[in-house]
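After this come two complexes, each holding chain A, first together with chain B and then together with chain C.
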Partner chain A sequence: MQATSDKRWFKRLGRSFSQVPLLGWLLGALVAVALEQIGGLSLAWAVGLPKIPVLFGFLMALKKPLLVPSALLYVVLIYVLPIGVIARVSASPLNRLAGKLFSSSLVISVVIHLGLLYATLHVWAGISDYRLLVLKLALIAILLTLSLNVVNGYMGEFSCSHPGFMALGAYGASICTVVLFVDDKLFGSALLPAAIGPFFFPLALILGGLLAAVGALAVAIPSFRTRGDYLAIISLAFMFIVKSMIENLEIVGGPRGLSSQPDWANLPTVFLWTVAGIWIINNFVRSTIGKALNAVRDNEMAADAMTVNTRRTKFIAFCFAAFWAGIAGGLFAHVLRYVNPSTFGIQKLAEVLAMVYFGGLNSVYGSIVGALGISLLGEALRPLEIFKWIIIPLLLILVMIYRPTGLIAFREFDVVKLLQSKQHSEKGV
Partner chain B sequence: MAVFLQNLINALQWGSFYALIALGYSMVYSILMLFNFAHGDIFMVGAYIGFGVSTALVALTAMGAFALPNWLILVLTILFSMFLTSFVGMIVERVGYRPLRDAPRASAAITGLMIGIILETGNLALLGAQRISFPPLIRTATYDLGGVYVTNKKIMIVVVSLGLALALHQFIRRTRWGMAIRAMAFDYVVVPLMGVPLNKMAALTFGLGSALAAAAGILFGVAYPVLDPYMGILIGWKAFVAAILGGRGSILGATLAGFLMGFIEIFVAMVFPSTLRDLIAYSIILLILVFRPHGFFGEPYSARLRL
Partner chain C sequence: MCKRLLLVGMLALAATFLFPGVRGAAAVPTIRIGINAPLTGDIPKVGEGTKYAAQMWLEDINAAGGLDVGGKKFKVELIIEDNESKAESAVTVATKLITEDEVLAIIGPQASKQAVPAGEVANNYKTPMISPWSTNPDTTKDRPYVFRGCFLDPFQGPVAANFIKDEFGFKKAAVLYDVASDYPKGLAEFFKKAWEEINGPGSVVAFESFTTKDVDFSSQLTKIIQSGADVLFTPQYYNEVALIVQQAHQLGWDKPIVGSDSWGSAETVKLCGKDCYGLFFSTHYAAAGATGATKEFIDRYNAKYGYVPDDVGALTWDSMRILQQAIQDTGGLSGDVKKDRQAVRDALAKIKNFEGITGKMTFTEDGDPIKCAVIVRISDKGEFEFYKSVCP
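Up next, the complex of A and B:
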């Protein structure tokens, strides 16, 4: 009796929250992080924590297990309670607002949502530099995972070359910015004034991406004749070749790496590039070419018979994916302000593959969840030191056994469904 | 000429490691159409098990429990460790591959990779980060053959690995189990319907492959006595490349490609600066695969390849 009423209570809670539009959640999150900014430190002291917990209390709780109740209390008071209350209370006015925005102009609606999201992230990351770095790297991981998903998920190949593409992008963009704008002992003094640098930065990133796309030809052309394991080896060989080539190029620093990139990859830049990447890749996979990718994956010969130009499809897919991996690499290099060829090895490959297959194949949501999940989990479990590398692989094995295609596979990313007013949709049904 | 012959001998030695490991990849592939990505780390585990067994045997001999000559200790170590490591391989199959029989192939590749990471980290957590050196069981004797120096270890490594490859070949040709493996490699959908248990055969191939990897690990430990938890990564990936280069599921191809891999690496390092070794070796492999996309002895693109 008790159990059923409990369940009913839970269900009712779920139903009442299902009417909250995305706008409501974002507003709640913004208020929560603003509260943390204003009163987080005093609250942390009040519940007995030495400082504001950086990653939702994970790091503190794992370092000192006695602090678990306080960290939990903090998370509930700062995040769960404000978000829940505001989302619920503001649901009906915000639903009306979301509906109005949605029906007037999709663009304005999208911009407002993104603005709220960015404001939330900005305030959240403003607490500490560590948060900022974790956030930037997680956003870059999203870009990288999505681009790998285009090849491995949508086209069904097993490509291992993404660290190589990333390295090409990272070095391409870094060389551009360092040669032109930085006084460096490797390349001499700056050629252009640093003031126009930030405007040039997107161009440098795109150049890096194009370099990666050209490099992708080395994998795309063999892919016309072979696929499956042999293509996996070709891409793996490509990755090793890129890494080894950079190690041997003394002009870009060789195995010591390349440093002193200018600090232009701030949060708005990374955020904008990630959003643009998600938008463009989502449109790409939903376009005719995206459907052709799925056709090539499911049956290449049948696709060929149905007038899909399989060569052109593979070619475009590889170059497109490599381009975005190159952009991610360029951002990565400018966030860390140091790159080193050994970063782009087997370790990186395992990391990216884990993100793609954890999140889900053939799905933009899946890539976002996978990239955020693995990179935040990797940071949150840091106090466990090497046991982190037992827990994360175990988790991934379990996911693979129970959901072999990943957590959220084969789901379309539908902006319209995401933004519309939730009450409206319920009435419609 | 002497330099050439010297490098030839070194290449034979390196090739033996690659060939033994590549055989394990190839065996598993012939039955399941999947690669065991934890295989490089099974090689590492095999080397560590060999270290444990040989240390125990040496200690027992020193305590006077029984008197064994050193060469017998080495033989016993190899046999024991092959036996023990084959169970590691079977566990990997049971945990990471059997639950994923019907899943996409890439998922099994991911579980294999992750098991590999767990083996590395588990080793690091159990034994700590310091490197362990393999007990010196046989004394190095160097023979001078007209300017070419050959050590007894090198001869032993090449002979033992060729012998093991030959033994595997005979096992597959002559025994009932071997016949079942061949049948399964021919068609893994119909043959189980004829009463050949797929799960047992998969475990058998994992066990056999891991036993060979353990032998390679111990031979590696004899030649280069320093063991560390990450030693399996690079050598494992290269052996994987060799297995593909040989053609999928081909025992002969894997052995030959393993030796070829050794030759390419050693001779590239002979002619060019050794930092260019990986670059040139992988470029050669890329070229081979571009012009011969199915490896040396592999069948061309077949419909039964499930993707």
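Up next, the complex of A and C:
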């Protein structure tokens, strides 16, 4: 009796929260992080924590298990409770607002949502530089995962060259910025004044991306005569070629790596590039070419018979994915401000592949979830040392057993549906 | 809904009383020191040596009832973090140690691949960092807050070249090195330069390379044998040393093979066996036949962890002790971590003739130590015997 009423209670709670629009969740999150900014430290002290728990209490709780209840309490009081209450209370006015915004202009609606999201992240990361760094690396991981998903998910091939593309992008963008704007011992003094640097930075990133795309062409031309395992091997070989090439290029530092990149990859820059990446890649996979890509994946011959130019489609998708991997590499290099060819090896490949397959194939949501999940988990479980490498692979195995295509696979990322007023859609049903 | 809220609220209140503020406990002043070590990843043995040496140091401090700074006893806490032997993780770990744990100073990372970017972070946050093992000049270059515990390749290259010249009087040398790894490559080049300065251009008759994880060196070794070289210099890590030496002997090479400090691992002799007996290498310290504080350290480490510590352990131990010295030299800590970091850094830069177990050290302007190298001979029992000492 008790159990069934409990269950019903949960269901009712679930239903009442299903009417909260995205705007409500974002507002709740913003209020929560603002609360943390104002009163987080005193609350942390009150519940017995030495500091504000930086990654939802994971790091503290794993080092000192006695702090688990305190950390849990803190997370509930600062995040769960305010977000829940505000989302629920503001649901109906915000639903009206969201509906109005949505019907007046999609662009304004999107900008407001993104603004709220950015503000939330900015305040959250403002608490500590460690959070900021973790957030930046996680956003870059999203970009990288998404770009690999275009090839491995939407195109259905198994490409292993993504670390290579990332390396090309990282080195391309770094060389650009270091040659032009930094007094460096490898390339001599700066050619342009540093003041115009930040404006030039996007250009450098794009250049890095284009370099990666050209590299992709080099893989694509010989390898698209083959499919499946052969492409995997050729792309793996490409990754090693890039790595060895950079190791042997004395001019870019060889195995010692390239350092002293300017510090331009701040949170707004990384955030904007990630959003742009998600937007463009999402449009790409939902366009005609994206659909053609799916057709190629399911049956290349049938697609060919249906007048899809399979060769051209595959070329475009591959170069497109490499371009975004290159952008991610450029951002990565400027966040760390140091690149080393050995960073872009098998280990990186395993990491990205894990993110793609964990999150879900053929899905933008999946890539976001996979990248955020693995990179935050990797950071949060760091105190476990070697056991971390048992827990994360174990999770992957479980996901592969129970959801063989990943957590959120084959789901469309529909901005329109996301931004709509939730009550409206409920009435429609 | 309301009931649930009430419940959570009450729980919160209850918890507030159950866990009274830890702040009250801050009366015991604590010095926190961060250890940024590769506990997992490519080189876990290095991480283990770092961790063990640091923990042994902490035992000493705890046995003395804390660290005595300016007449006040401080409790010391080590915060050991895993950097997975990845550059980006080394950076996040350094950031976390500095901003979250508010450490006074950081020891590590060990490998240059991680020490270069982590050094950038430490320097930006004005936190003293000592990398015990990193040999890349970029780690400390133009970074007043970053120091290192070992000598650099530009010093070790000539040491090896001069030793071979003095010991054997050879004129022609061959070099075999890993082109994809920054340490062997750098050292191979410095050796070549030094050798050619002594014996004239062209005296390095074979300069052969391979790539990390190669296991068959017969083509390079054949070339080296045919080149008529008198000696082979190979600045490789222990796993490759065993393969190179054994394969060279199989191909008929019976002349000396000389190595560098990367040979100084307990694994070298285990893997290489009799083939390595009688060979020489330059390194930071010699375990067999050590005396005084060095012997004491080795015996304690061996008794506690069951193996003779390699150079990483010894260098980490020295780095911890240098840091301790610097903290004590400040003459008292204010409790304001930013001010104290500055004071520790200034004290570190002033350290002169520090008596470490790996030799006497004095820091230069760049934060690199001036110290002696040791030439070690692998004895017929497979131990690392002290042969001679070479000072700058």
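Quick notes on this structure:
Assume the second predicted complex is superposed on the first by the 428 of 429 C-alpha atoms of A that agree within 3 Å, B and C clash if a C-alpha of one lies under 4 Å from a C-alpha of the other, contacts with A are read in each partner's own complex, and residues count from 1 in each chain.
One rule holds for everything that comes next: a residue touches a chain if its C-beta (ideal position, glycine included) is under 8 Å from a C-beta of that chain, and two chains touch if they have at least 3 such contacts.
These numbers come from a predicted model, not from an experiment.
Contacts of A:V47 after superposition: chain C is touched, whereas chain B is not reached. Once the two complexes are overlaid on the shared chain, A:P268 sits clear of chain B and of chain C alike. Looking at the shared chain after the overlay, A:L81 reaches chain C, while chain B stays out of its contact range.
In the superposition on chain A, contact is made by A:L73 with chain C only, not with chain B.
In the superposed model, A:S128 lies in contact with chain C only, and not with chain B.
Of the two partner chains, chain B and chain C are each touched by A:E247. Of the two partner chains, chain B is the only one that A:I390 touches; chain C does not reach it. Residues 243-244, 247-248, 386, 389 of chain A lie at the contact with chain B in one complex and at the contact with chain C in the other.
Put simply, chain C touches chain A in their complex at residues 1, 5, 8, 11-12, 15-16, 19-23, 39-41, 44, 81-82, 86-89, 91-93, 95-96, 98-100, 112-113, 116-117, 120, 136, 138, 179-182, 185-186, 211.
Residues of chain B that touch chain A in their complex: 35, 95-96, 99-100, 102-111, 113-115, 117-118, 120-122, 124-125, 233, 237, 240-241, 244-245, 248, 275-279, 282-283, 285-286, 289-290, 293-295, 301, 305, 307.
Residues of chain A touching chain B in their complex: 152, 156, 158, 218, 221-222, 225-230, 233-234, 236-238, 240-241, 243-245, 247-248, 297, 346, 350, 353-354, 357, 361, 386-387, 389-390, 393-394, 396-397, 400-401, 404-405. Interface residues of chain A facing chain C in the complex, by the touch rule stated above, are 13, 45-51, 54, 59, 69-70, 73, 76-77, 81, 85, 88, 128-130, 133-134, 137, 243-244, 247-248, 254-257, 259, 332, 336-343, 347, 379, 382-383, 385-386, 388-389.
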